[in-house]
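Have a look at this one before I ask anything.
A, B, C, D, E, F and G label the chains in the order they appear, each numbered from 1.
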Amino acid sequence: MVNGIERPLDVLNNAKGKEVIVQLKNNKQMVGTLLAFDIHINVVLDNAKEMVDGESKRSMGLTFLRGDTIIFISPASMAA
Amino acid sequence: MVNGIERPLDVLNNAKGKEVIVQLKNNKQMVGTLLAFDIHINVVLDNAKEMVDGESKRSMGLTFLRGDTIIFISPASMAA
Amino acid sequence: MVNGIERPLDVLNNAKGKEVIVQLKNNKQMVGTLLAFDIHINVVLDNAKEMVDGESKRSMGLTFLRGDTIIFISPASMAA
Amino acid sequence: MVNGIERPLDVLNNAKGKEVIVQLKNNKQMVGTLLAFDIHINVVLDNAKEMVDGESKRSMGLTFLRGDTIIFISPASMAA
Amino acid sequence: MVNGIERPLDVLNNAKGKEVIVQLKNNKQMVGTLLAFDIHINVVLDNAKEMVDGESKRSMGLTFLRGDTIIFISPASMAA
Amino acid sequence: MVNGIERPLDVLNNAKGKEVIVQLKNNKQMVGTLLAFDIHINVVLDNAKEMVDGESKRSMGLTFLRGDTIIFISPASMAA
Amino acid sequence: MVNGIERPLDVLNNAKGKEVIVQLKNNKQMVGTLLAFDIHINVVLDNAKEMVDGESKRSMGLTFLRGDTIIFISPASMAA
């Protein structure tokens, strides 16, 4: 079911081009298409939307997120 | 009973493929199957569920957790 | 649509000379023209304006922003 | 009375296999048998119990604690 | 208008000997003449004044500011 | 009066074997005999007592304190 | 008036043996004679007094202050 996950960053690599949910430390989420990431977990989302409690608050378009503000990143299609 | 724990990361290595509880700094827990971790304690959980006070809040599926948001990780089967 | 984004910093490089929104950890935003950035995500904005909840609060002109206070940076023209 | 403590980590080394109290930054304590630690003060406790104000709240069993959430570690038998 | 800004620190270099506003994480500002800075964004201001909500609270004279407490630095003459 | 203090750690070296007050970021103090320290300002106290507002709250005995939770360390005999 | 300040640490070097005000992140100040500092801005004050809102609260004598708790350091004689 989940193959080839040897290191944590493999999950992010597999999620490139797909929609992800990024949970931020400020209790907001950013949802968008994962375009790029680096070892600091800085990430770039396309068509990003800022969500609060599951409600869309702002459409941000292309967005650079600084890694140290991130709690978790989850491919959106995996959420039940 | 607990053999072969020389270094802290040995516990995480032994827990691969098993269910773990991850306590986050934001007072939430993530429960899921530990797939991978690295020296920053970034971890990947499969079938992750976000819990608050022991109640399941969100099913996240496959999830990358950034290490600096983690307080502790415990194999779920060990909890009494 | 979004080509040539291999690494997160590519987004910032593409945004040089353009208007960006910088979300800060203190719940304020800075809007201005991106002049420069470095690997710490220290950035320089020209004609920077401090915003709170979308309202302009202060015109700061040329401003150096320290990277560790930044949550995200988004090219302003991408926002819907 | 306390011999052979040249460096701070000597205390943790001497406490291996013994019960310790770990005070966390979130005002909780973890009590358990110290199995392992590293230079980041990541520690592993066996038979860990989460305590709040001296009351046991949760039995966690084997637990990996991330170093940066720890205020102090004290061998339990030393407390008066 | 703003020439020769290749890297973020160029702005600070250009501002040497001029009045700057330094926004701190504790919601206060320091206004003074920028004398020196380093790569940690530690800065030295001369004739520094501590401001809260635009009101002068304390005259500090020569002051060393630790970089990790700084949100932004802006040449005062640029503010509208 | 205070001779031979060339570097900050010299003060801690001189205080070895003596009673010190350690002020923690959580508004508590630890008072005890300084046994060891390292460059991270991790310290070991013997006969440590946790104090709140000058009142003894807990006797901890031998205690390892993680450096990043410490505000200041002062030899107790120096306090007026 | 202020000569020879090339780098931020020059200010601290010039202030050795003189009274300084150290503003801490916990809203307190420490006033004392600067004896030593290092590149982490760990500092040692002699005859240190803890101040809150300009009122002396505690005489600490010789005190080691950890750099990461410091907002600013100002030679006391410079304050107006």
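The working rule: a residue touches a chain if its C-beta (ideal position, glycine included) is under 8 Å from a C-beta of that chain, and two chains touch if they have at least 3 such contacts.
For clarity, every value in this text was computed on a predicted model and none was experimentally measured.
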Steps needed, at fewest, to go from chain B to chain F via touching chains: 2
Rounded Å distance between chain A and chain C, as computed from the means of their C-alpha atoms: 19
Whole-Å gap between the CA centroids of chain B and chain E: 43
Shared-contact residues (touching 2 or more other chains) in chain F: 68
Successive chains around the closed ring, taking chain D as origin and chain F next: D, F, G, E, C, A, B
Chain C residues within the chain A interface of the complex: 1-2, 5-12, 21, 25, 27, 41, 67-68, 70-75, 77-80
Chain E - residues contacting chain G, complex: 24, 26, 30, 35-38, 42-44, 46, 48, 58-66, 68-69
